[in-house]
Each structure stands twice: as structure tokens, then as C-alpha cells.
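Sending over a structure as C-alpha cells; questions will come in a sec.
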């Protein structure tokens, strides 16, 4: 990661790094395999990793499953996009105008801990049960990580940098957009990465609890009500969700390293 | 141009660790003047500068720039911060750092780029335009900060130990650069320095501040003949005399 | 004590913007010596220092400290960074900042506190112990960084423009402090400065580096009589001569 | 300063009052059983939870039976999840080796919807507290982990170098350099995790075998269409979330006082 | 569709207030009638076009019903009466749906369990899908009839999917199963039936029906009647004809054709009977699940089928 870590280990070569990643994944799979094969957990309910993987591969060839996945993907993408578009400006506002923050905090903090399970029927009553239902719940959950990371990111901006721009006669808005925002952007990006995971969880969870029609969650729900439950299907579905999460995260990290190169190179994380 | 009237500043007022940085400071700077400020470390020079720039609200007295009491940052002002490395934006190339304030001027992109390039050249950094601040040495970063202020063509320029991190040769070049720019563009400049020779060499006037809380203990007009020159001016007997005078004031032996 | 052997460093090697900061630099410093390094801004002085401290791995050649090739930071080393304000920990009081490295010494809390207080006193900051770095002026922060290094009692001390932000009087005091401490504790010191007078005044030897890529263009032994003194030493004809010599070297007119 | 504080407090109360009045008016106008007016909800909360004897601080048996176990689960889950997040986050942020080995697996786990894993949790942990805690921790660890890793990775390089130059031991560098630098970002994660723990606590009380708790009460109220009771649960969660956040901010202001001062935030 | 059914009197499509209906159903055997009615063209014959919408649990359909996204839903009476009692929903029962048949519900114990007789259930932990629902209501009556104290039973809510792992893991002492789990547990685990919760006083216990809101019913009386006829006709058709049921089950449940051939079906109601339905409301009142008595008849529609 960084040349200036606690141990000052020189960065390893990409080949080594990839093999470590692979080793980590294999170890994790082996652990599941072991738990299942040794009967530590009943294989009927936690099938071995090889079986899950096998099932995952065949699922991919199943057009019905692909349709489920696509529906979930859509809800996830729309929800995350809206959350980011709302949360960043809101975070900038709350983070830079303390009065607004103070005034709205009681409302925000009151609304925040309301769980989506409680909201599911209420949201359904207000806006209906289609795609908009899932999207609304996803937005509601994915908003917070971005909002908070924006607010806390702003606090980390070097005051001397802000003053520099101010001294050239730039107003508060210009300082916000030209100094505070770029300076806290890497941390906001971390918030977006967090939100991407939260959004994925919420999409699938909402589908499991109250989905209709299509979606990975619906697929998982139906696998669960079979007798006996098709655990391999459920976990294969979970596998694809998890893998999608890994892929999205990797993309975002790559984006982050490209766009915020200054941030990483400065810290000796060459590349 | 600049009127400082009975200025006081207390940090952490009301707390047990209140610190009186400035107390009852009076000072006025004429249009086009280059005023040097010297004074012991920690006396309150940077605090004074921040008050002029409207970055802090003094706890007493007032600062007037062009007749207006400073509440916000006055227009057409540039500051070279003592903490120059933190005042550069790490996400921008050096050229962009210099060009950024020019957005306040009526300039298109091309003009901004040209002005930035020119300013960087004038501080000897023509090769560094596309680099990022962290890729520069300390002295180079300091010169970027100077270039940024110069490119902006402010009517009032505040410089807080602007040449502290550069070598002797570059320092002299930069001193002459400031003198030249001042002559060309009718800037008023307030320059803080620890180098007594420098204060006499570049200043039209040298103000000496006391230990904290800062107030003015000496105010010398520098009346050296002709255009200044690194060799001849520094050899001039008036220069030597003034230098000694400032030195005595700084060391606490007021002459008058 | 310190052997630098054909040292080279290239930043961003392999990329089109590769920058050769140091090339084929040889230097050796004896035990207990105080070596001053001068050279143009951006030539590679800080880079050299970081190589000695094991903070970067040079792309060529090697550095040996007490006979061992530097791979990690050598033991008993202290650095005063050029960017002193960033090297202080904002979450610690000034006293804690100074006391922190002493955890590596066999000292209990009380001893550490005493040592920190003493070091702060020696740089004239007895009143600031309980303050936080952001509550100090630039020069005060720089003195904290010096106090931290001094309290640590390293056998090798690296100082990167350590007196750049303090007033003339304090600067002289600090120069004398370094000389005193060196005498007492058998330290080897490498000090980077832009002040040619200073380099001759404090140094046993002055090394002049070239423009980037840096290599040694001058290496002068400073042989001034008796214990140094701010007034008499600076008036000594050898001092005046050496100063001129270093000045010429820096300006690129090698004498030899 | 002081007067400013009072003014914002007054402002906050005013905002709150306006919103509650608007809420009351809107729900009365709509007249939907699913959206009872706040006055009804408050009455219900009082009857259900806060009409007990003075000896029990006016808490009723139902309050003791539902609210306390929930808060206990939440606190334990939060503590465990936060600790795991900080430890893992630091490890990931500091060691490229640990990062390489674990990052993929953690990113995988992070995307997994816990409701899909209930059966797995069940066979691994069994009914009750253990499963609930595992569930809460599994959900809230991520914001702490990612933000801590980000914080640990964005330590001012010169701070790390200073620690290295003075040969501070690994633990000292960790505790005295990295941790304090990462603290502001960690707090962003902790604050997220705090309210998240309240949410997930409710989810965990839907898990098989739960017999008490706010979440349990909430869902029971919904499936029996006792909507004012459901709203009472929602409002209680909101109030708890608000209070916990205030406590959190007090702690944060203390712990991060240096940060706020150094960043000239106050 | 082709049909071998004795054709009931067919109404012309004319006169219906609405011909396209959306009805929420559950992915369970109980919902079969509506699928059979579609499959066999019974709705078509009434001039209706019915689109089923599978939801995961009945409570989710209620907001849809209120919001008008669906016209009717298939829901269990206990929930419906509770909603009606709390005025969350003004319920109108369009047609009865399913009633428990012997062995379609079962309290079961694992082969090595010490529980042998109903009496052994005392003090034991038993799962239910949802607390305070029809499962408890029926079992309470049956336990009373078997001299077991119903209050001593500890009910825990366990979702369908997790019943087997909880049971095997010993977290529940006896399992409260429905079909097809009863069949599966008997066949694969050798589980023993301890008690039929739909026997004795709870025999033929009504479970679920097709409901709409009162307003919807008021606006669409003819449509409602046509819908009811189709459902009743389907039920009659299903009474002696397993195949029509087995044929549709795999299309909306997770039951494959092989299992569908062996599971025990509930009774599908070929007519509406307020008397047996009143029992549910009365027991709920007795359990204090209702704040006041409900006259079930007033919520039901007159039977118009033959």
C-alpha cells in the first residue's frame, strides 16, 4: 500500500500482490469447505464452497437468474446515484454552515435510526411498490455514509489552504468548491464505496423481505421457501452479490487512484 | 492605503491561557510603499498580517485598507503565507496553483496560463509548471507561493517571510524581483522578514515590533540613493548605518 | 561515522518526468564533526538528508552510518525537517511532542518530562510547554522541532534549514546552542543552510553542492581559532575569507 | 460563543416544533390509520412504556422488557463491531500484506445482505443473543473498518517519517501517531455505525427465536395492525437515535478537541 | 381452456364494472384456487382477466390494496380481522379460500425426541411463522381439547426457511409444520406426528380467503360476484381432481411436480359459510386479539355460485 508504512516494507510486485489476494480468497473458501465437510455446520444448511461455486456457475447460464440480477442491478445503480447526488451537496451544506447543521441535526438524527423494515409498508403506502419502492429504501440507507464522510471530510481540510484562497478574495462558496471539496474528495469517495455496499445490501434485503417480480432477493426468497430449502441456490446468489460488491469496490478504488492520484502518490503509494 | 489603528489581538480570550499577541499597535502605510516588518519570533507579526488580510477579526482596534475598515478580505490583496507548503493545493499542478486566483480577474484560460507561466519563469521555475507541489523542494514551493501572489498583481501584497527557504543567490534575485514588480505595478507591499539586511535593502521603511504583545518600537525611513543594487546598495554607508540601527532596535536597544 | 558512496537518486524513475536529484555524490563525515551543506534551492539537499535517514532508498550508491549500510533508519538519529510545522503532532502538547521520542530511551515519565522541559527552555520556549503546535508562531514551531531533536541526544543529527524562521537574535542563540550541545555530547551533525555566514560560523566543514543533479562542487575545512563567538569570530579575517569562498562556490565560480 | 449556543438551541427547538405541528396537521388531515398523528403516538408511548411506578423511573414492565434488552444488544454489538472495525481497519490501512490477503474477502463479505445469511448464522451461532450480536457486528463493522483504513492510510507522511526517524516502536507509532491521525475519520465511521447499530438491532430482533426487544415489539405491532404501537416503536427509535448521537457528539468534541482547534473549526 | 367440468351458468362479460383484476397471492398451496381458475379458463368464462401477483407475505399486500395497486388479495383471516379491528383496513371477504384439512398441518417431533404425546408438549418451545396468528389460534383450541395447558407453550417466530435448521439444532422442541414440510419431514427425517392442530374443535379451520376493501366492493359488486363464482367453481373442480391442482402448483410455489402429487392439500371452499368463519373471529376475541366482536357475516358477500 504505502512505502511509509509502519514497517517501511517496499511495495510488493503486482504478481505477488495478486497471488496474495488469491490465497486470501482460497483460504476463505477452504474454511467454508472445512466447516461444511467436517459437519461443524450441517452441510444441508451450509453446503461446501465447491458446491456453492458450482451452482453459481450454472446459475450464470440461467437466463431467469440473469434477469433477476439485472433488475437488482438497476435498483442498486439508481439508488446509489440518487444517494450520491443528494448526499454530497447536503453534506457540503451541513458541513460548512454550522447553523443549518445544528438546526437540522435533531430531525436528521431522529429520522436516521428508523429501520427500513418499519419503513417498507409505509413507503409502499406513499409511493407504491414498484421499482421506486426499492430505490427509495436504497437511497434512504445509502445517503448516510456519503453525507457523514462529506461532513467529516470537510473538517480535515487544511485551514491554511482555505485561507489562501480566501485571501485572494474568493467567497465562501468558491472556497468550498475549489478547496474543501477537492481536498475532502478522497474521503467522500470512501463514503461512496461504503454506500455502494450498503445500497447492495438494501436492494437485496428489501427484495428478500418484500420484493415482487424479479430481483436476486426474490430469487433467494423463493429458494428459501422450497422444501427442503435450496441452500446452494441461496448461497450461490449471495456469492454473486458478494462478487459484484468486490468488482464495484475494485472499480471505485481504481477510479480513486486515478482521479485522486495526488493523494496517493504523495503518500508514497506509487501508481 | 493601509491604516492600523490601536490594534489588539488576544488569542483564546476568556480562557485561562489567553495570549495577548498584539496590543495597541498603530501603523500606516502609504500607497506604493514597501514596508518591512521585523521583530522577535512569536511577537505577533503573522497575527498582524492576518488581521490586515481579514482572516482574523482583531479583538480590539481596527484595520483600514483604502479607507474601508477591514471586515472581510479586502479586494486586490495577495498573501504569501509563512506556512507556504500548506498554502499550496496538493491536487493541482504548480501552474494551476498559480493560475487559480486569476479566475478573479477578467482573464480567459489562455491568458491565465500565460500569466502563470510568466510568473513561474520570473521565480526561476519554468521547468516545474506541470509538477505537483509535493514533487518540489521546500524552496521551490515557496517560490510557487510567491509566483502565485505576483501573477495576481494585487494592489496590496502581504508577504510573511517569503524568502526564508531559498539559497542566497535566489534570495537576492527574488528581492530584486519584488522591487521591480513593485515599481512596475504600483503595489503596496508589507513584508515580514527576519533578515535585517534584507529589510533595509528592500524596504522603503522598516518597522520594528516589540516582544509579545507586539507594538511598534521603531519606525525607520530607508533613504538610500538611486535604484537598489545588491552590491552597491549594500556597501553604501547609509545602508550599513541603518542596518546597525535596525539590529539595535531588534535587540531591544531603542536609539531614539 | 558517515560515508556516502557514489549516491544517486532519481524521482519517478521510469516515467517521462523522471528527475535526477542526486548523481554520483561522495561524502564522508567524521565522528563529532559538524558539516554544513549549502547549495542552490531544489538541488537535492533534502533528498540527501532523507537518504541518510533511511527515509528513501537511493536509486544508486549507498550510505553507511557507523559502517553499516543504511536500509532502515539508523539508531540514535534525529532529524529536524525543513517542513517543521508538518512534522509536529497536532494532537500533542508541545511538551509531549518533545518527550515522545524519549520513549526509546530508558527514561521514566518524570525523566522524560524533565528532559523535555529542559530542551524547551534551551530554545526559549519554557512558557509554551502546555500549548499545542497550532497555537505557536512559525518560528516557535521550528524551535519545538529543534528542541525535540536536541532532547533526544542523538549521535547523528540531521538538520534541514533549522533556523530559517526565527529572528536574527534567536538564530544566533540557536547556533551557539547547537555548538554547545555538540561539544557536550559528541554529536555528529549535518546541517543544511542557505545562510553562507551561518555555514562558516557553525561548521567544521562546509560542503557546497551543485545544481541538480547534486554532486559536491566544493568542500572547505573551516579552521577558525578558539571557541566561536558571534562577534569576534565573524570579524576574523579567515571567516570573511571563507565566507567569500563559499559564496563564490555557491554562485558557481569554483575556486580550485 | 455562549449566546450563539443558546440561539442555535432555540433555533433547533423551533424547527422541531414546527415540524411536529406540521406532522400533526398533515396526519389529522389525511386520517389514515397507517399514519396516526403524533399526539396519538405519544399517548401510546406513555401508556405502553412510561406509565409505570416512580420506583422504576416510571418505566412499565413492557419498557423494561423491551427497551433494556434492545439497548443491551445494541451496546454489545456496537462495541464489538467498532472494536473489530478499528483493529481490522488499522491492519488493512497499514500493512500492504494484510491488505492483500484480506481485502478481497472483506469486500466480498461487505456486500452480502445479512438477511440472506440468516440460516448460516443460525447453524453457526444458534438462537438468541449470540446470533443477534454476530448479526449486528457483521453489519456495523464496515463503516468503521473502511473509514479507519482510509484514516490510517492518509496519515501525514511527515508524521510517519518523524516516528520512523526517532525509531518509535511499532506500537508507539500505532498508538501515538497513526491512531490519533486516523481518529477524525474513525469518528465519522463510528457515528455511522452507532445509528446503524440501532437499525440492525431492530433487524436482529426479527431473527428466529427472538422474544423481546423494540424490534420485536415493532414487528408484532405491525403484523397485528396495532399501528400506533408500531409508530411508538419508530418514534422511540428516533428519540434513542437522537440521544445516542448527542452523547456521541459530546464524546467526539472531547476526544477531537485538538483537531477542531487545529483546523480552526470553532 | 378445455374443460370437463359441469359448466356452471355463464354470465356475459357485460355489466361488469371492471374486467381486469390484479390479485395478490402467496407462493403456497392455499393459493391454488386462483391459479386453477386461471388455468381452467374459469375467470375467462366470467369475463374476467385476473393477473396474480405473488407477494412474500400477506401484510405486504395490504398497502398495495389500500393504494389501489391491486384489487384483491389472498390473506389469512386472522390478519384480516386484526386489520379490520384496528381500522387499518375495511375488509370485504370476496370468497373463502382454504381450510385446514387433516394432516395438512402438523405438530411434529424428531424420531429421538422425548415428546411422544400431546401432553409432552407442555412447557415446550414450538415455532410459528408469525406470532399471534392462525397457527396459535387453532393449536390453543386443540391443546385445550387434549388437556394441555396452552399457556405453557412457548412460541417462537421462525421463518419458513429456518424451521428445519432450528429444529435439527434443538432450538425448538417440536415443529409446527404445514405442507409440503409435513410430507418432507416424515419422509426424509422420520419425524413423528404428535398432534394435528386442525383437529377436534379446530377441524376444518378456515385459514385464508380472498379479500378486497369495502370501498372496492361497493364500486364493483358485479365484478366481485363474478370473481367469487370463478373461485368457487375452481374449488369444486379441485375437490375430486388432484391433477388440476398438481398441475398448477409448480408454477407459483417451489413444489415440484413429484412432490405436488403426494402432498396433502387443504380444503378449498366451494362456497362461503359465515358460521365456520365466525369461529375464527370468536376465538380471536377470546384470545383478546380483537378489541370487540366482529360479525363476520356482515363482511361476507352473498354466495352467488350454484
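A, B, C, D and E label the chains in the order they appear, each numbered from 1.
Just so it is clear, a contact is a pair of C-beta atoms (placed from the backbone, for glycine too) under 8 Å apart; a residue touches a chain by one contact, two chains touch by 3 or more.
Just so it is clear, the model here is predicted, and its values are computed rather than measured.
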Report task. Mind listing the chains that sit against chain B and also against chain E? Result -> A
Report summary line: Maximum distance between Cα centroids and chain B occurs for chain E
Report summary line: When centres are defined as mean Cα positions, the distance from chain C to chain D in whole Å is 49
Report task. Take the average of all CA coordinates in chain A, do the same for chain D, and state the distance between these two points in whole angstrom. Result -> 17
Query - Length of the line joining the C-alpha centres of chain A and chain E, rounded to whole Å - result: 40
**Report entry** Centroid distance [mean C-alpha coordinates] between chain E and chain C, Å
**Finding:** 86
Query raised in the report: Which chain A residues sit where two or more other chains touch them?
Result: 4, 8, 42, 45, 121-122, 125, 158, 208-209, 224, 229, 263, 266
Report summary line: chain E residues touching 2+ other chains are 59, 63, 66, 159, 161, 165, 169
Report task. Among the residues of chain B, pick out those that touch two or more other chains and give their numbers. Result -> 83, 86
Requested in this report: Quick one: which bits of chain A touch chain B in the complex? Just the residue numbers, please.
Outcome: 158, 160-161, 163-170, 178-179, 182-183, 185, 260, 262-263, 265-266
Query raised in the report: Which residues, counting only chain D, touch chain A once they are in their complex?
Result: 8, 11-12, 15-16, 19, 32, 34-35, 93-97, 99-105, 107-117, 119-120, 122-124, 139, 142-143, 146-147, 150, 153-155, 157, 160-161, 164, 170, 173-174, 178, 184-185, 187-188, 191-192, 195-196, 198-200, 202-203, 206, 215, 218-219, 222, 230, 233-234, 237-242, 245-246, 259-260, 263-265
**Report entry** chain E contact footprint on chain A (complex, rising order)
**Finding:** 42, 44-45, 120-122, 124-125, 128-129, 208-212, 221-230
Query - Residues of chain E defined as touching chain D within the complex - result: 59, 63, 66, 79, 82-83, 85-89, 127, 130-133, 154, 156-159, 161-162, 165-166, 169, 171, 289
Query - Residues of chain E touching chain A in the complex - result: 27, 53-57, 59-60, 62-64, 66-67, 69, 159-161, 164-165, 168-169, 180-181, 184, 188, 253-255, 259
